[in-house]
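These are the structures, in structure tokens.
Presented sequentially are two complexes of chain A, the first with chain B as partner and the second with chain C.
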Partner chain A sequence: MSTIRPRSLPAYLLALPAGLWMFGAVVMPALLILWVSLWGGTAFGPGNPITFANYERFFANASYRGLIANTFLHTLMLMAITGVMGYGIAYFLVMKVTSRAWRTALFLAFIIPFWTSALIRAIAWVPFLGVNGVINQALMGLGLTERPIEIFLYSRTGISMAQVSLYTLMASGPVVYMLAQIPPSLREAAMTLKAPPGVVFRRVIFPLTLPGVVIGQVLVFLSVMADFATVQWIGGNKIALLPNLILNFYEGAQLRAAAVVSVVLMACMLVGTFIAMRVVDIRKLGT
Partner chain B sequence: MKVVHDLEIVALRKRYGAFTAVDDVSLRVGKGQFVCLLGPSGCGKTTTLRCVAGLEEPDEGDILIGGKNVTNDPPWERDIAMMFQDFALFPHMTVEKQVGFGLEMRKWPALKRDKRVAEVLKAFEIDRFANRKPGSLSGGQRQRVALARAMITEPRLLLLDEPIGALDYSLRETVMIELKTLQRRTGISFIWVTHDQNEAFSLGDLVVVMNHAKIEQQGSPEEILQRPRTPFVAGFVQGNNVFHGKVEDVRGEEAAIGTAAGRFVVPLRGVAAQPGQAASFSVRAERLRPAPPGDWPNRLATSCRTVEYFGSVRRYILERPDGEVMKLDQFGAEPAFLAADGAAEIGWPTEAGVLHG
Partner chain C sequence: MHWRTRSRLMTALLGTLTVGFLLYQWLPVFTLGLLSFSGPTGGTTFPMNGVSLHWYRELIEASIMNDFKPPFGRSVMLAAACSVVTCVLAVASAQAMRGRFRGHNLFFYLLLLGIMAPGLLVGFGVAIMGRLMGIEPAWNTTAFFVQVSWTLPFGFLVMLSIFNRFDSRLEEAALTLGANRLTTFRRITLPIVLPGVIGAALFGFTLSYDEFPRTMFTSGADMTLPLAVMAQLDRELTPELYAIGTATTLLSLVAILACTLILVSLRRTARPGS
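After this line comes the complex of A and B, so read on.
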């Protein structure tokens, strides 16, 4: 037990360095972006009148609205795939692998690729997915196809494949943690109460891991919504989602438009996180 | 008419790698019996219970519940319910939902189920907590919920794995009496696993003492307390003084056993004994007496180390000449007949000795 009482001066002092950092590195820039997104007029400077005209112009454009919908759809699909795969992997690791050595080995195999940066891992997919890439070579070698398939690189398929590999761990990790907390006697009790395994999973195991599932989904949601690098590298310049639009506007020196898209993206993420919090009280975890 | 046993275990065996957890265990439980599996931890009593529940697969042997061979049936197809030591309550379900779970699994219609759940909650005096979750209940309340959840399905067998081990000591006696009454009233057979002999002897119609994966002895509490058949049982059960030695002589219905503490005469009571053979016997602490009459052949000189007073019993801890410790119990209401730190000659009548084997 900590000797520092909550809401006492030392408690606030402990929070001060991180608080200052977060304020300077996150809150201030976010407010700045919000401010810039509201600048009207033609000149670029703090003297501009405040207006919602930038937002009106953005939302008046059907292709931008479509891009928001697209980004959400893409993210939802990724959440579904990584959710199912992540749960499967977590269930297998915790419930099916009984040997301690095997569990450690598999867990390491699962986690070691994540010691490299996300950008490197995204780029690493390029030689796999290309027209003469590893996947096509393998398919042709096995005689499954005669000519290389071009849908892998510079396509939504390729982006999704890369992102699934990047983000499944995020969906899986919290579930591993929650599953490991469940005492085996709960499953046994349910079975002696006449619940066959499918029902045990549906009525006991899954509800108890739900907080882990939701946290994993929030992590995947936030990461995919913000992931411009994978889309850029695997999608080439053919595919763009909301975060890529920010980059486009930025490179075109349209800072106000970039700020608008940033704020829209932030708002989308806030809404998603808020919905997740309504499903599960994350603060209750670990109690 | 063929007698149908609630439970019949035939030559059960269970191994984990090189370790044998249950070795050739056979047991018959009649209709509505209260059976206690008693033994030190790791003796195989819990594994036996889990095999009956179907939570462990036996390597050999058969398990029959109500005359039906269920050895290969999964737990959810057996006519049993189980209470776990940690109660294994579902943390995300309210008490009401929890207790109704078994009926829900049996596809009872919702209306009928709600009515039955309400009755059972009332009977177990937990209706006040119907909408609470287990996390906010005390140990005793959780125990009642776990019991209600198991009993509501009226199984043929209720399996209990150290069911009151997690309760406060002061609560245990009350709960024991309640459970015994409940068992009598419902006629459901209870298989109760415990390492606590007070529980086993006060509750069980049949007590099964296990050690090292095997059954050492099974019988009524009185049989096991008065006639332990092996040195392990005699030593495990409180209040026995155990002697090891060799049969020196067999004369009529009595054998003379030579031990490190002297030579003692023990009645055979049907136990086969050959001179020269290793043997052990025990004498209960309350059968020992100081200053034995001249015609008692069993006597030895000891010194009294300490005296413990329990109210109903005054227990003398005695030291034998060879350094071993013995216990002598005196009825607590009588004045003490030995003083601590004094020498005492003690003895016992021949019929108090119990030869093992």
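After this line comes the complex of A and C, so read on.
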């Protein structure tokens, strides 16, 4: 017994406003993008004929096809880097730090920047990466290079460096959660049965954290695929990935083209998530 | 090599990785804060050319061209509105989830979609929707509409976890003693989960205050603070932006600290039987 009866009318009424709001602000817009991407004609309005010509035009362009591949490659690279680093950090925080106070302190230091503005954090990288930036000044101060290195700002390297700092937490968080769920007795049992630490990790610990790894990878995948901001601010206007193309088309008042790229991006994200869900079942996590 | 030595080596390696990453993550933020106090002739990188509050003064005494005060005012109002709506709808939908109505799983995924869907696409879609319906985009209409779809799911998750820990025997006691459901909710349930509600509100506030991918397409001519910062960044990077960044980050830190304290105190009081 509680303040709400199962399957009662109030339950439906309470869920209705939030449900309608989310449907109107997220589901409807996605359907509209799909519709606009199929518009023929030139006018903006519901009277346009439906055609696949916009898609044909997009996929006929080799540089756009290359952009899709590029976006995937960039995302895969970031998934690999944040995956390895995130797992290492999670393992250290949960399994190696024995003091509770230290663990909380390190975890807070790890997680707090995530709640501050992504825009400000991206801006904070600019004085670091520039030709006169902190990294170059440090390298020259240590005598490691004579001339400033120009590859940091306005380059893939700089973008990746900033994105690693932005998204490692996403790869790490679910692993921390899964690692903390493993009862210590499992590890002790394996050790008692004379399994060396490497085998314990490979055969016991890692398989148990696999769902966390996959969910972290999905989060990083979705974030990096859609991250136009870091690419734009740290890459200058020299580098563009798929989401930047949406912005360019939109600013150029080419709504149909922007919609096509949006649908392609959505499709890529759905396929990626679907593949990941074949590996683990996300719904089993809560049980 | 003995496994104990190897394990110790591993600890050292992973410890170095962790501490190194934390430095890597925090150094730019600290540098930003440091550079915001550089002298009037200071640029966007070192040397600072003295220490001053010049760039903060610039923010307050700004001319019309790069005045960040109106966008700041809009952002705060928008964030406050989002936070209130998030609170109310999050409590309502989490309470509805306790009523295990038909389709509650679908409802859960619908809300989760607000977090998973990329903001750029959501904003773009709402912009199209507004144009089709003939609604002029503005920060306090379309942008507000789309921002709630971003803040609400987080508030919903907070309230779900709060209700999961909630001891429903307290409600049962009140109901058994003859209070009706509404009175019980108002007098028993709500006061107990109130700290969580405040947490959800603060959460909604910071999320809305920092939001830009959704707002970009939907705010019209009057920009919010992140959009004004982006526009200035497109023109020129100035230490003024560092000053805004430092102030904003401090504001977020205060909000997070408040959230953490509330959740910790809640955990202490909500434990049944103690």
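Everything below uses one rule, namely that the second predicted complex is superposed on the first by the 271 of 287 C-alpha atoms of A that agree within 3 Å, B and C clash if a C-alpha of one lies under 4 Å from a C-alpha of the other, contacts with A are read in each partner's own complex, and residues count from 1 in each chain.
One rule holds for everything that comes next: a contact is a pair of C-beta atoms (placed from the backbone, for glycine too) under 8 Å apart; a residue touches a chain by one contact, two chains touch by 3 or more.
Predicted, not measured: the structure shown is a model, and the values here were computed from it.
For the composite obtained by superposing both complexes on chain A, the positions of chain B and chain C are free of clash and fit together.
Using the contact criterion defined above for the overlaid structures, shared-chain residue A:204 touches chain B, although it does not reach chain C. Of the two partner chains placed by superposition, A:100 touches none, neither chain B nor chain C. When the two structures are aligned on the shared chain, A:196 is found in touch with chain B and with chain C.
In the overlay built on the shared chain, the residue A:110 is in contact with chain C alone; chain B does not reach it.
Using the contact criterion defined above for the overlaid structures, shared-chain residue A:278 touches neither chain B nor chain C, since it reaches no partner. Residue contacts after overlaying the shared chain place A:186 against chain B, while chain C stays out of touching range.
With both complexes placed on chain A, chain A has more residues touched by C than by the other of chain B and chain C. Nearest C-alpha atoms belonging to chain B and chain C sit 7 Å apart in the superposition, given in whole angstrom. Common to the chain B and chain C interfaces on chain A are residues 196.
Here chain A touches chain C in the complex through residues 1-8, 10-12, 14-15, 17-19, 21-30, 32-33, 36, 44-46, 85, 88-89, 91-93, 96, 106, 108-110, 112-113, 115-121, 123-128, 130, 132-134, 137, 164-165, 168, 196-197, 222, 225-226, 228-229, 233, 243, 246-247, 250, 255, 258-259, 262, 265-266, 269, going by the rule given at the top.
The part of chain C that touches chain A in the complex is made up of residues 3, 6-7, 11, 14-15, 17-18, 21-22, 24-29, 31-32, 35, 44-46, 89-90, 92-93, 95-102, 104, 107, 110-111, 113-114, 116-122, 124-126, 128-129, 131-132, 145-146, 148-149, 152-153, 156, 168, 171-172, 175, 181, 184-185, 188-189, 206, 209-210, 212-213, 217, 226, 229-230, 233, 237, 241-242, 244-245, 248-249, 252-253, 255-256, 260.
Chain contact summary for the complex, chain A toward chain B: residues 183, 185-186, 188-196, 199, 203-204, 207-208. Chain B makes touch with chain A in their complex at residues 53-55, 74-76, 78, 80-82, 84, 86, 88-92, 101-102, 105-106, 149-150, 153, 159.
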